[in-house]
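Next, two complexes with subunit A in common: one pairs it with subunit B, the other with subunit C.
Up next, the complex of A and B:
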């Protein structure tokens, strides 16, 4: 392992900014190709499994701004970003979906992505699945998963277990195969260095070339990193923000896409709460427009879900062991923006839901409520101000009448599309392999490149694209000699 | 060569003021929502809210400071605590997001830290 202290003056052939699903895979591919790679990560290296998943401590130590980040709008949409070695892979649900063929096909056509071979993407996806031990849970489903399965079967809705990157022991407990356990060690074994606690403030540009990066070190000192090429892999919010702070123009940060979600809490006769894990079943009857799944259900998060209508929901909190949280996620037609203002440290993020999005969130919540009742829920507590307690299907009609997206706690975890890839210069911030248009040596290789929200958990797609692009870069370097 | 200056001290905008604004408001809100929450626990929750509020991104911090200052002024008026609690219960766009943020942090902390707390904040 080569975790280095960030120094005021550093150098590398290739600088990789960010160490999540995009950055870690990029670093591994390039280091294994013999390039001198330095990964810079703003957060700390925290060993996977050393913090209780989905706890406030995890939010404090591994989330940006302690998890209190929001896309402004009516309603505002709460989102989370990882800020630690491994990025979002350390804190997400670990659910894996292959890149969907129809989505890739649409991206290729609509955004003019050159040389995008779906068979190549699938081959890479297969490698990722092997590297991350992607598989299903051995043995019976957990109680929150079984709720989704049971409800969907009673309604005749399509459902299934979503595999995830988890290595299971004989006892059945699993260890998440996040980037700090897989691609980052691989990169370091091949010679890559990683400096943690170091923020990249901007890239110093000369014409279309970046020659160095201005940094802030853990102790507050300023520094510089010189490089030949740079891969920006800070995620869909931080990557466009860095390019904007570096005065790089183009369609950057103008097309943020997310999967907005609304939630509810459901109380059952038996104990269903698994505080440190999430359900692995998803209901896909109405996909891709609408998907249902399970959310993290730590007691603190249960209280949070009930807090919108605390006056009538509060008594349920003492029963949190019999409560689990579920979400309805939509593919949104709305778009958001990431903007930076000179002298201001953090970007401002905005997102606007369309009328169709708002209606879909409402119908999604109603259908999710029905799913819970069919699964045997005694009571359902939808997360919006003025929501009624739902005990019967008739109550769902009342709920539907009182719902509006503006009163709901809308959240998202899947952020993408702020620097879409492709040859359509009017819409794409980067070319078909991630090089930022108008630059010689600035590459983006993370969720920002996905032209739209893919409608499924996106990490598998992000990793497959990042590996494809990094291999292309390495091959060109090899030819250059 | 285009050289971009590093982010200025705006990063620390309102950090000192924020504590003075958020803490009393959180205390009033939690006292009303959880009458049985022991004072030592309430103080711990308020400290957490204060700490977390200080780490929110620049623009959110700016908004929290401005809206929080308005609530703080209301609290200084006679019967201010009651007015503030009544206002915090109303779904006012943007302005209502501030009590919502404070509440969400407080509620999450209470049940993360003491999962068997009753709905009024008491010990089981």
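Up next, the complex of A and C:
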């Protein structure tokens, strides 16, 4: 393994900025094609399993800003980003969904993506599934999963187990097959270097070409990295922010798309809480507009979920072992923006929900509440200010009457679409293979490229697109070389 | 298909003079297996009109009063089904919603439990569930309550009273029809035809919001299927036409049906911005909060929304199969209006 310490002066044929689902796959493909690749990562390298999943320590060490980042709006939407080697793949729930055919089809048409072949995407998805050991949980579902299964079954709603990138031991516990265990080691085996703790401040542009990157090292010193080509893979917030700081114009950062979610806590007679894992079942009856699943339910997070109506909900916290958290996620017709302000380190993120989005969040929370009651919940605590405790179907009517999205704790983990790919120059920041329009050698290769939020867990789609684009780049390099 | 009960000796119908009640009585009178029909009428005039239909027993009373249901059921015996269609939808004051829809149903299920009848069918509505969150959404068989103002709340309370009675031993089932159309229609539906003829029916927004509707004969089929299916106990079913229609489709189809019945139809359309409908909805809420009720505000406010439901549970459990679609059903209702001498 070649984890190098960041130096003031570094050089590479190809610089890859960021090491998550986009950056790690890009680095592996390019290094395996014989290119000299340097990956820089702002966070540290933490081996999978050395920190308890979904714990406060993890939030502190592997999340950007300790997990406290917010898209401003009414309501503001809390979001999280990974900031560590492997990025979001190290900390997410590991649920894998193939790129949906209808979504790819819509993207190709609406954003004029050239040479996008769904069969090719599926072939790559197959390779990813193998590389990440995507599979289902051996044995019976965990208690929080079974709640979703049971409730959906009783209501006659479609549901299913979502496979994960997880390697299971005989004991049944699993190790997440994140980027630090898969594509990053592959990249390094093929000769790529990775420098952690190194932040890229901006790209130095001359005309349409980037010649070098200005860096800040862990000790605060400034430095430079020279390269021939650069891949920006910092995720849907950091990638557009870097391009903006580098004075690259175009539709960049104007079309942030997310899956807004609302939450509830449900208390059962049995102990349903599994602190270090999440439910693998999802309810897809109302998909893609609306889907339900389980959220991380550490005691601290249970307390956070109850805090919206603490005066009446707080008594439940001592009973956290019987409580599990669930979410309702929607596809949003709203849009957000990422803006950088000169001299300010972090970008300002804003997001606006539409009238339809707000109605859908309310309907989603109520349907999820009904599912909990059907699954046998004694009490349901919806996460919004002024929420009633729900014990009966009639209480759901009371809940609906008092709900408004403005009072809810809306959050999201799926951030995308800030640099949409395609030939439609009015709204695409990058071309059909991720090269930033108006530049010769700046590529984006992460969730920013997805033209809209895909309506499913996006990591599978991010990886498939990143591999496709990196292969196209490598093939052209081969012809050039 | 699921097992079926035979027709009972006595069939009791509340709200027998109402839109659905009249359609149902009409059908039951034509069924020789229905030995005895006992109808609840609200006034002497209604009773006389019902008596002229055939061999029926009539009780006059107000379902909102506690003694009416007892009087209605006191001698029916166990081989009796009760179909509860009585309800009020466009009252003078919101108080009537609760007296008639909620308390009336409570009184009836209490009396029915005491008397030990065979099966009660409660006719509910889409209104306890509000409106769909977006135009492509469809209500499934089971949905959380989200009552649409006073009417919806009163119909929700009625449903809850029925479910509670089932817990206490009553055999009851619920059918939920959306907006209906067809013969025996009340005057408000005549206004609907006239507005479409004159090209003045307000299409809100892009008109792509969807509405489930049910032709009265389809609904009668569904009510009888629910009554006679033992497995329907304690369950609730959407009874509607095969699929929801967009508002644009409704306006176009009714226009075509009117024209094909020889009536002149203006082709201009009134488009109402979604904002106007939201304003009407807001006005409706304020007026209802003051205890009053204004039909135009209520209907215009509601036209902005999708109210679409899925009948597959009724199809699977009850063998319900809607036979009439929008065009044929609308032509039949237009012909009925003409036969009744109603000017459209």
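Criterion: the second predicted complex is superposed on the first by the 481 of 481 C-alpha atoms of A that agree within 3 Å, B and C clash if a C-alpha of one lies under 4 Å from a C-alpha of the other, contacts with A are read in each partner's own complex, and residues count from 1 in each chain.
Just so it is clear, contacts are C-beta pairs under 8 Å (C-beta built on N, C-alpha and C of every residue); 3 or more make two chains touch, one makes a residue touch a chain.
Keep in mind it's a predicted model, so treat the numbers as computed, not measured.
Chemist: Should the pairing of subunit B and subunit C on subunit A count as a clash or a fit in the superposition?
Modeler: Aligned through their shared chain, the two binders fit side by side on subunit A.
Chemist: Just to be sure I read the superposition right, which of the two partners does A:167 touch: subunit B = first, subunit C = second, or both, or neither?
Modeler: Neither partner.
Chemist: After superposing on chain A, what angle in degrees do the C-alpha centres of subunit B and subunit C form at the C-alpha centre of subunit A, to the nearest 10?
Modeler: The C-alpha centres give an angle of about 90 degrees at subunit A.
Chemist: If you stack the two complexes on chain A, which partner ends up touching A:360: first (subunit B), second (subunit C), both, or neither?
Modeler: A:360 contacts subunit C only, not subunit B.
Chemist: Name the contact category of A:394: first (subunit B only), second (subunit C only), both, or neither.
Modeler: A:394 sits against subunit C, while subunit B stays out of touch.
Chemist: Is A:109 contacted by the first partner subunit B, the second partner subunit C, both or neither?
Modeler: In the superposition, A:109 contacts neither subunit B nor subunit C.
Chemist: So in the superposed three-chain picture, is A:9 touching just subunit B, just subunit C, both, or none of them (first/second/both/neither)?
Modeler: A:9 contacts neither subunit B nor subunit C.
Chemist: Of the two partners subunit B and subunit C, which one touches more residues belonging to subunit A?
Modeler: Higher number of touched subunit A residues: B.
Chemist: Check the residue A:222 against both partner chains and state whether it touches subunit B (first), subunit C (second), both, or neither.
Modeler: It touches subunit B, and subunit C stays clear.
Chemist: Quick check: superposed on A, how many Å separate the nearest Cα atoms of subunit B and subunit C?
Modeler: Nearest C-alpha pair, subunit B versus subunit C: 23 Å apart.
Chemist: Touching subunit A in the complex: which residues of subunit C?
Modeler: 128, 130, 132-134, 136-137, 140-147, 153, 156, 160, 313
Chemist: Name, in rising order, each residue of subunit B that touches subunit A in their complex.
Modeler: 1-8, 10-11, 33, 52-53, 55-60, 91, 93, 97, 101, 103-105, 107-113, 115-120, 124
Chemist: In the complex, go through subunit A and note every residue touching subunit B.
Modeler: Its residues touching subunit B are 55-56, 64-66, 68-70, 72, 74, 76, 201-202, 204-206, 214, 216, 222, 245-247, 298-304, 306-307, 310, 314-315, 317-318, 320, 342-348, 385-386, 406-407.
Chemist: So in the complex, which bits of subunit A are touching subunit C?
Modeler: Those residues of subunit A that touch subunit C are 155-157, 285-286, 289-290, 356, 359-360, 362-364, 366-367, 369-370, 374, 393-394, 396-397, 400.
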